[in-house]
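When the chains are written out, they are named A, B, C, D, E, F, G, H, I and J in that same order, and each has its own residue count from 1.
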Amino acid sequence: MLFQVRMDVHIPADLPAEVANDIKAREKAYSQELQRSGKWRHIWRVAGEYANYSIFDVDSNEELHQLLTGLPLFPHMRIAVTPLCRHPSSVRDGDA
Amino acid sequence: MLFQVRMDVHIPADLPAEVANDIKAREKAYSQELQRSGKWRHIWRVAGEYANYSIFDVDSNEELHQLLTGLPLFPHMRIAVTPLCRHPSSVRDGDA
Amino acid sequence: MLFQVRMDVHIPADLPAEVANDIKAREKAYSQELQRSGKWRHIWRVAGEYANYSIFDVDSNEELHQLLTGLPLFPHMRIAVTPLCRHPSSVRDGDA
Amino acid sequence: MLFQVRMDVHIPADLPAEVANDIKAREKAYSQELQRSGKWRHIWRVAGEYANYSIFDVDSNEELHQLLTGLPLFPHMRIAVTPLCRHPSSVRDGDA
Amino acid sequence: MLFQVRMDVHIPADLPAEVANDIKAREKAYSQELQRSGKWRHIWRVAGEYANYSIFDVDSNEELHQLLTGLPLFPHMRIAVTPLCRHPSSVRDGDA
Amino acid sequence: MLFQVRMDVHIPADLPAEVANDIKAREKAYSQELQRSGKWRHIWRVAGEYANYSIFDVDSNEELHQLLTGLPLFPHMRIAVTPLCRHPSSVRDGDA
Amino acid sequence: MLFQVRMDVHIPADLPAEVANDIKAREKAYSQELQRSGKWRHIWRVAGEYANYSIFDVDSNEELHQLLTGLPLFPHMRIAVTPLCRHPSSVRDGDA
Amino acid sequence: MLFQVRMDVHIPADLPAEVANDIKAREKAYSQELQRSGKWRHIWRVAGEYANYSIFDVDSNEELHQLLTGLPLFPHMRIAVTPLCRHPSSVRDGDA
Amino acid sequence: MLFQVRMDVHIPADLPAEVANDIKAREKAYSQELQRSGKWRHIWRVAGEYANYSIFDVDSNEELHQLLTGLPLFPHMRIAVTPLCRHPSSVRDGDA
Amino acid sequence: MLFQVRMDVHIPADLPAEVANDIKAREKAYSQELQRSGKWRHIWRVAGEYANYSIFDVDSNEELHQLLTGLPLFPHMRIAVTPLCRHPSSVRDGDA
C-alpha cells in the first residue's frame, strides 16, 4: 500500500555540529535499510530545499507511522502524508 | 531529469458525457504511450480525489511543458510542478 | 485500517430538484449500507455546514478510493483524507 | 454533545527530558481517565505526525474547555475544535 | 450555550430579483423571530461586507444546526461556527 | 460604535511564573474596569483555545487603539479588529 | 475617523457592455461626489489590477457601511476594511 | 510615484529596553524627516496592531528600497510593498 | 525601472474558439511590439501552467498599469506585480 | 535550462556581526562568480524586502540544487524554485 510522504527538515541553529552530524548519519543508515527492505520505495530531493518527497510501501497506516516516527530526524521534521492507490491509466502492475 | 507533477481534474458539469468520455479515452491513451516511452515514470491516484501525483523523466523544462500542455485533459486541470533530483541517501542509481 | 474523511457538499444551484433529491436518496442508501457493513464506522454532521466528518475502516487505500468515488454525491464533493492509526493512549482495543 | 478536536503537539527542544516524560505520563493518565468516563470518546493518531484527532462527548462548551485546558500538554498544543451533531444518514442511535 | 457564527452571503447574480427579495424578507422574519425567542442573541453587520457576526444561545450543537440550516438564505451562505464559553474575566453572570 | 476584537494570547515559555501571574492579574483588573465602564461590552472565551472574542463600544478607532495597546498582555497578543454596525434585521435598538 | 478600504472589482463576463458602462459611469459620479464632500479622502489604483486602495473619513462604522454598500459596483466587488488611526510619528495634525 | 507600504513591527522580547527605546526614537526622527521632505506622504496606525500603512512618493523602486532599508526598525519589520497609480475617478491632480 | 509581473490566464470555456484565437493573436502582436520597444524585457512560460513571469522596464507605475491593462487578454488574467531594483551583488550595470 | 528562484533571507538576531558579515561577503563573491560564469543569469532585489528573484541557467535540476545548497547564506534562506521555459511570444532566441 503506497503513501507519498513529504519531509521538510529544520535543524535548529544551536544544535552542536557533531550532534547534527550523528543524527544525519543515523538517518541515512535508517533510510537505506528501509529502502533495501522495499518499505521505502523512492526518495527524491526537492531541488533547492532541505526537503524530500518519498514513496512508502507498507502494510498499514500503523506501520507507516512506526517507520516515520522512528526517523532519527523526526523531531526536526514537518511531515505530510498522502495515501495513494493504483491509477487506472497506469501501465504497471505493481505500480510502485 | 525528474519532476513531480500533481494534476487536479475538474471537468465542467455541463460538458456532454460523450465529449467527456472521448477526452478521457484520449487522455488514457496519451498517458500510456508516454509511460511506455519512459517519459512518464509513475502515476498514482490520490485516494479519494480526482487527482494524481506523477513522476516525469524528461530532458528539459521545455519538454515537460510540451508533454503536459498536450494532455487532452489539460484545459480542465490545475497543475503544479516540483523539480526533483537524486537524494544523497538513495540506494538506487538511476533513482526514478 | 482507519481513515478520517471530510466531505464538503456543493450541489449546483441549477441542478433540478428531482435530480438532486434522487442523488441524495441514493447517497443515503449507499452510506447506510456501508455503515451496516462496518466499512463506514462513523459519520457526523459539521454543525452549521453541509459537510461531514467520517471514519472509514477499510483494508487498503484502494478500497477507500473505490468506496468514496462510488458515492452518488462524489461529483459534487470536495474530499480530504487523513490516515489514522491507534493512539498509544487509547483505552480501546479495536479503537474505532 | 459531540466535538471533534485536533491537537498538534510541539514540545520545546529545550525542555529537559525528565520534565517532558513526566508531562507525557500525566497526559496519558489524564486522557485514559477521561476515556473511561466516556467524556473522551475516541482518540486517533494522525499517521506520521505528533497529532491526534479526538471525539469528545460533553454537556457544554464550558465543560469541553475545562477538559482541554486541563491537559498536561495544553501549553504545548495547538487545538482546533469543531462542533458536531448527529448525521441524518447515520444508522446509529447515539452516534458517538 | 453560546456560539459565534459568521455568515457570508453570496446571492447568485442570475437569481430573479423577486425571488431574492422574497428570500430576504423570509430571512428577516425568521431572524427576528429567533432573536425575540432569545436563541439568536446578537447580530451585527460586518462594515463594508454582505456578512454578519452573530451570537447564538442554544441547548446543543444539534439545535444550532437546525436553526442555521433553516435559514432561508442558507443555500447562499458560507457559515463558520466557533463554540464560546464564559470568560473568567467577565463581569457578567449570564454573559451573553 | 462597535468593534469585534479577537485576541490570541501567547505567553513566552521562559517568562517567570510570578511575572506572568502579575500580568494576568493586571489584565483581569484592566478588563473588568473597562467592562464596568461599558467600553468593553462582551468577552467570550474561545472553547479549547487561549483566545477570546470581544465586543468593544468606543467613540473612535483612536480610542479603541488606546484601549487595546493598554492591555497588560498586549505584547503577548495577536489582535484582529473587525468594525461592526447595526444589522438591518436586528430587533434591538442599541444593539450591543 | 479614517478607514483604509481595498476594493477588488470582478464584473461578470456575461454582463452586457451597455449595462457595465452605465454602472461604471454611475460609480465614477458617485465616487467623485464623495471625494468632493471629503468623505472619500483618497483613491489609488493598484498597478496592474482592477482594484483600488481608498481612504475614507467618516463619522462611524455605520456611515462607512452606507457609503460602501451604496457603490453602484458594490455587487461586483470584494471589499476589505481596515480601521486606521493617527500615527504617533505623524507630522500632520489632521493626518488624512 | 506612489507606493503603499505596510509595516508590521516585531521587537524581540529579549531586546533590552534602552536599546529598543533608542531604536524607536531614531525611527521616529527618521520618519518625520522623510515626512517633511515629502517622500513619506502618509503614515497611519492600524487600529489594535503594532503596524502601519504608509504612502511613499519616490522617484524609483530603488529610492523606495533605500528609504525602507534605512529604517532603524527595518531588521524587526515585515514589509509589503504595493505600487499605486492615479485612479481615473480621482478628483485630485497630484493625487497623493 | 524594473517590475516582475506574473500573469495567469483563464480563458472561459464558453468563449468561442475564433474569438479566443483572435485575442491570442492580438496578445502575441502586442507583446512582441512591447518586447521590441524594450519595455517588456523578458517573458518566460511557467512550466506546466498557462502562466508567465515577465520583467517590465518602465518609467513609472502609471506606465506599467497602462501597458498591462492594454493586454488583449487582460480581462482573462490574474496579475501580480512585484517592484524590483538592482541587487548589490549584481555584476551587471543596467541589470535587466 | 531556466529556473526562477526566490530567496528570502532571515539572519538570526543572535548571529555575531562579524560572522554575519563574513557570510555575506562570501555570498557576494559566490554569487558574482556564478553570474560571470553565466549560470546565474539575473538577480534582482525585491523592493523593501531582504529577498531576491533570480534566474538560473543550468543543465539540470541536480546542478541547480548543488548551486543553491552551496550558497553561504543557504542555512538562513527560504527558497522557492519555479521551472521556466521559452515563451511562444518571446522575440528572443536564447531568451534568458
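Of note:
Basically, a contact is a pair of C-beta atoms (placed from the backbone, for glycine too) under 8 Å apart; a residue touches a chain by one contact, two chains touch by 3 or more.
Remember, predicted model here, so these are calculated numbers, not experimental data.
Taking the options D-E, C-D or F-G in turn, the interface that duplicates G-H in more than half of its contact pairs by residue number is C-D. More inter-chain C-beta contacts link the pair B-J than the other of B-J and E-G. Chain geometry summary: the mean Cα position of subunit B and that of subunit C are 27 Å apart. Averaged C-alpha coordinates put the centre of subunit B at 46 Å from the centre of subunit H. Note on chain placement: the centre of subunit B and the centre of subunit F lie 51 Å apart, centres being C-alpha means. Centres computed as Cα averages put subunit I at a distance of 22 Å from subunit J.
Among all residues of subunit G, those that touch two or more other chains are 2-3, 45, 47-48, 61-62, 64-65, 81, 83-86. Chains that are in contact with each other form these pairs: A-B, A-C, A-D, A-J, B-C, B-I, B-J, C-D, C-E, D-E, D-F, E-F, E-G, F-G, F-H, G-H, G-I, H-I, H-J, I-J.
Only residues 2, 4, 27-28, 31-32, 35-36, 42-48, 52-53, 82-92, 95 of subunit C touch subunit D when the two sit together in their complex.
Subunit A contributes residues 13, 45, 47-50 to its touches with subunit J in the complex.
Taken in their complex, subunit G has these residues touching subunit F: 1-3, 60-62, 64-65, 81, 83-86.
Across the complex, subunit J is touched by residues 3, 5, 12, 61-62, 64-65, 68-69, 75, 79-81 of subunit H.
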